[in-house]
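Next up is a structure, given as structure tokens.
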Amino acid sequence: MPDDRDPPSVLVISAHSGDFVWRAGGAIALSARRGSAVHVLCLSFGERGESPGLWKQPGMTVERVKAARRDEATAAAGILGASIGFLDLGDYPLRVGEAAVERIVAVMRERRPGVLLTHVARDPYNRDHDQAHETTLLARMVAQAHGHDPGTPPLGAAQVFQFEPHQPEVCGFVPDLLLDVTPVFDLKVKAMGCMTAQEHLVRYYTDLGVRRGVQAVRNGAPGTVTHAEAYRRTFPAVGDELR
Amino acid sequence: MPDDRDPPSVLVISAHSGDFVWRAGGAIALSARRGSAVHVLCLSFGERGESPGLWKQPGMTVERVKAARRDEATAAAGILGASIGFLDLGDYPLRVGEAAVERIVAVMRERRPGVLLTHVARDPYNRDHDQAHETTLLARMVAQAHGHDPGTPPLGAAQVFQFEPHQPEVCGFVPDLLLDVTPVFDLKVKAMGCMTAQEHLVRYYTDLGVRRGVQAVRNGAPGTVTHAEAYRRTFPAVGDELR
Amino acid sequence: MPDDRDPPSVLVISAHSGDFVWRAGGAIALSARRGSAVHVLCLSFGERGESPGLWKQPGMTVERVKAARRDEATAAAGILGASIGFLDLGDYPLRVGEAAVERIVAVMRERRPGVLLTHVARDPYNRDHDQAHETTLLARMVAQAHGHDPGTPPLGAAQVFQFEPHQPEVCGFVPDLLLDVTPVFDLKVKAMGCMTAQEHLVRYYTDLGVRRGVQAVRNGAPGTVTHAEAYRRTFPAVGDELR
Amino acid sequence: MPDDRDPPSVLVISAHSGDFVWRAGGAIALSARRGSAVHVLCLSFGERGESPGLWKQPGMTVERVKAARRDEATAAAGILGASIGFLDLGDYPLRVGEAAVERIVAVMRERRPGVLLTHVARDPYNRDHDQAHETTLLARMVAQAHGHDPGTPPLGAAQVFQFEPHQPEVCGFVPDLLLDVTPVFDLKVKAMGCMTAQEHLVRYYTDLGVRRGVQAVRNGAPGTVTHAEAYRRTFPAVGDELR
Amino acid sequence: MPDDRDPPSVLVISAHSGDFVWRAGGAIALSARRGSAVHVLCLSFGERGESPGLWKQPGMTVERVKAARRDEATAAAGILGASIGFLDLGDYPLRVGEAAVERIVAVMRERRPGVLLTHVARDPYNRDHDQAHETTLLARMVAQAHGHDPGTPPLGAAQVFQFEPHQPEVCGFVPDLLLDVTPVFDLKVKAMGCMTAQEHLVRYYTDLGVRRGVQAVRNGAPGTVTHAEAYRRTFPAVGDELR
Amino acid sequence: MPDDRDPPSVLVISAHSGDFVWRAGGAIALSARRGSAVHVLCLSFGERGESPGLWKQPGMTVERVKAARRDEATAAAGILGASIGFLDLGDYPLRVGEAAVERIVAVMRERRPGVLLTHVARDPYNRDHDQAHETTLLARMVAQAHGHDPGTPPLGAAQVFQFEPHQPEVCGFVPDLLLDVTPVFDLKVKAMGCMTAQEHLVRYYTDLGVRRGVQAVRNGAPGTVTHAEAYRRTFPAVGDELR
């Protein structure tokens, strides 16, 4: 029940510069292929906490890690069909101050996403994920305010899809959408291949895609579905069909 | 992402013969209008517990209440575009024995619903609702078994939509689908008008339809939506769109 | 906000013949002292599972255990100011058939309780407690039905207070009422003294009374409160004061 | 079981200057009529996020919105019988720094509320509400500390009542008190009439009052109750009656 | 903190004759290798609902399916080092009457397990699993009663470990023990190989073993752990170490 | 399944300087006796909010309270066998800035705990406890980052045990480990005796130790267990035994 004919703009808020690839690469590629403008906003590069491969190299520095991570993420986004931006707010811990919120709100006002993708509300392993979730809800609220920057129109009621954390049960993640990403999974694999700092995850997330695909079929998807990604909506869906 | 082109068959499991009208009348009319075969299965007539208007008439008997309730529900189903059946299992309390489960399984095998509608899992006010929920899950499981009545093919993975209970918060009901029923709300009103045993509820559920419509808009539906019904899925949805 | 001037009738549904003393003795004595008619309905004698002291006696039989438990419970109820009845449905496991439900409904219709007391919904240690909870909600629903035994008037919307299980956290018991039973705690102690089959519990429940009393003060009760019992309501309270 | 004879002082912590009217107007008027000193503390004016009516006027500025909102809220509080204060901390997002907490603590120490009213803990639509909830618990804790400002006596264990959010199920709001506000609902309607910046809400909250009133009756309130407000306690209630 | 030196007896309550292999094969083999007497009690053969491979063979009958399933399960149990029994209570749906409970209680009294393994409390896909869980708790309670069959000593407080359901998040399964089954995973694979009626699951559960093994390492297990099974305790663990 | 032979280092993060004694004194003494290096890090002295006994003395100042609390805590830690440090971050409210997090991370990197002990995630009575919990998870995450202070090796996956809050049910505390502290309870009593600022708690926590001991036995501990402490793990346990 989209309120206009064009496919909705999609905005992905990623705590670290790799998260969007592993957790939402399929959704991004799928949306882009259908004509949505998809933008990824990386709050940090994951330079300290999510680049073990790079830190094992001798003489590594934070700046070199950041540069490598930026390159990798840019390449991956390109493969998936998305544009990308980096706020460089620092990781482990990620701290989002007022200025950063303002910048994110500005991106929301400009891009006018109908769909937001981000992390779960509570991940006991990784507080940066919680921070990204909270930041997304906060910025969404500000972007909806009539009195914020009255020169630009308020954001509408964009749904916030939470993508799957690494240990879903411990994070209280109960999927309510198994998204068929079969037609674009090759792109996701290719994009994952860019992430040399975390290459041990490629196999893991390829297997996860298959497993969620099997679950999709068990939950009613046609047998041609082979790969899926799991999501949880933050707000009730609206629609005009029982599906 | 329906696995075939025809609109899915819909089966509604209603604890009492009025529940389907108040709680799912819009979804039924909407599905029927789109070409789905919709069938309502009333486990009881609500003859003892949900017919206060009739019991206030002098000389009322259980058999007369049942007959009146059957007539009302049949008329309402007709207006909504659904066929209807009655199992007459008794209400307050509803008790569903093995034979009744077998009959419901047979209906599922015959009608092959892609969508099931029923009550929530836990309603502390009304244990018949719990019983209907449990019965739906149990019969669905049996209907899916390859070894049950091998002459008929197993049921697929039909989604089970839970409709809204009378006091949603106390029943732990958190809607995950606000269904736009604007185009058919006039039919729901007309169908509700048939239920003379509970006419005090017509106003209540008309107001609820408006309220859920307002919420749908607040959650992203277009402004033309004026009436909605709230549902909760039991299983993850499957789909190929972020919506 | 009682709807009449008289103190409400109270009905206690106890899975075993000792439960009402340990868990609700204070509430019973308090209500009785204020003029409420309090009736305790014991679904079983707890003859198999809750009479370890008796079973250690040589030559013990089920019938002798039942008789002893009946005597103890009757004495305890008398001290607390309540009448008592026994359904003798068996324990470990307690099984409540249709006839038993009918009898409980008849008691509800006759006594017209404004307040019901029973066990929690889910106690993984003791399924008889779950059964008593479910039976209470089921019988309450039937007793409210206009079409059940039309010669007697339907029951009103009695609140169901759940009393504290033995291991509250594991049973998901979160108290929402700490009831000051200071003025009657001596009666509870005396009543507990009747329960020779479980005398190891007297100390435990005396200490619990003190502990819940301390908590009551920490939650705003006056410092004169020294003993309390914890309860959880099943339905929202209604009232005309913020308290 | 109040620990003194006088009606308790009531303090309302409102994220935006309109919230207290829509969500707690009845409780405020009821308490004031019974002799409680009721004070409303508005953390912000809701100038950016909750004044769409004002922002549609040409040439509107934040300062003019604030002034209008202050006037409206002051008028509404007067009608309800409460005094009011404004902290002007900004909205969308509301940010509560250390100085603001100190001021709120000082108000608590001075007014010595027995009852606090505020928002729910988690509202995914509106993080300012979460912030107000957290601030209330934080300030309450500080106000209770013996070592904070030893010249003034510590606050007692005031109950924190959470009022109903706009979309209760999505916020996990399960009411445990349906407060009869029938005798003062005319005052609430009058107070709501002051809020011209959000006049679309008057109808909504009038209907909600009726609906909660109906629910109160269904949960045991006398039939004379026609309007109610829903609340959830943060801590266990203490009392000496089963109600 | 075992209360005796011998390894505890283990009893597995399996709804269908295949469940224990897929979900607990590692735990069984591990316990058996350490000297525990492990017994598997299959409530049904899963003859109707969990034998799709067999039903595809022409001319298949329920009796032949049962016989094949019995053979497979017996072989698998033998490989894992466990004895096995079959109650043949029927599946889809599984119905556990009083006589069956008595038989299970007798097994518990005889074998005196210190550890029980069974299904989760609520699996919306498969009500037989719920039934097995409930039956385990019920039988455990009866087996603990001093007055049940006084000639045999009561069962102690055996822990009930819930094994992992097929779609864990939807069943609310949050693991609290990741059990290292690395040393016996070859036996599990071999045992899974016996289950020709469900051979599509071998790959699935092999992958799951690897995935849970990876998670174990991420949660602190030594890097030599390669395969694990996930469990959830029903009751608090007792121990004398922080682990 | 410890990954090395030595007993793990233990780090306790205590919001106030008394918490570790009341809530984890037994675990500390037990670990120390077994050879673990145990260190307690007090984020504040609890000087304002948890020293009522001291504030009742005339002429008391914050500095004198802090000094007294430091002495008491140091003595108690010594009795329990632990070293202790104080960050003096202030209490009621406790505020943990970036520098403090860095210091805690440094302690973690240096001491390399295999076990962390801290408060629950959500205590509505005491937000300092929430802050300590959050700080522990945050610092643990940073300490695990490969890119944080590359000169020191990252922390492993230390389990976080939450100790029991004062009103466990209201804080949603469900214990999953009842730790036998019988052999060291005399030391805990002695350590509690040092805390003159809160001496009213000695009786309370002695009784709690007995009560949790009784529960441990009821959950399967040997009858020789007389005292226990309750804990909840934040992450799944890993192990190679079903216990």
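Think of it as A, B, C, D, E and F in the order they're written, each chain with its own count starting at 1.
The rule we apply is simple: a residue touches a chain if its C-beta (ideal position, glycine included) is under 8 Å from a C-beta of that chain, and two chains touch if they have at least 3 such contacts.
These are the chains along with the protein names UniProt gives them: A, B, C, D, E, F = PIG-L deacetylase family protein.
These figures come from a predicted structure and were not determined experimentally.
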Chain-touch separation of chain D and chain E, in steps, is 2
Looking at where chain C touches chain D, is over half of the residue numbers used by both copies, so same, or under half, so different?
same
Based on mean C-alpha positions, I'd like to know which chain lies farthest from chain D.
E
The assertion on chain A/chain F checks that the Cα superposition rotation, as a multiple of 5 degrees, is 120
Ranking A-E and B-C by C-beta pairs in contact puts on top B-C
Taking each chain's centre as its mean C-alpha position, how far apart are chain A and chain D in Å?
37
When the centre of a chain is set as the mean of its C-alpha atoms, what distance in Å lies between chain B and chain F?
52
Could you check chain C for residues that touch two or more other chains and list them?
170, 175, 215, 218, 235-236
Among line, ring, star, complete and other, which best matches the way these chains touch?
other
Identify every two-chain combination in which the chains touch.
A-B, A-D, A-E, A-F, B-C, B-D, B-E, C-D, C-E, C-F, D-F, E-F
Would you tell me which residues of chain A are touching chain B in their complex?
1-3, 8, 10, 27, 30-31, 114-115, 117, 156-159, 161, 175-180, 215-216, 218-223, 225, 228, 230-231, 233, 235-243
Would you pull the chain B residues touching chain C in the complex into a rising list?
47-49, 51-52, 55-56, 60, 62, 65, 91-93, 95, 124-128, 170
Contacting residues of chain A [partner chain D, same complex]
98, 101, 134, 137-138, 141-142, 144-148, 150, 160, 234-236
Tell me, which parts of chain B touch chain D in their complex?
166-170, 172-175, 204, 207, 211, 214-215, 218
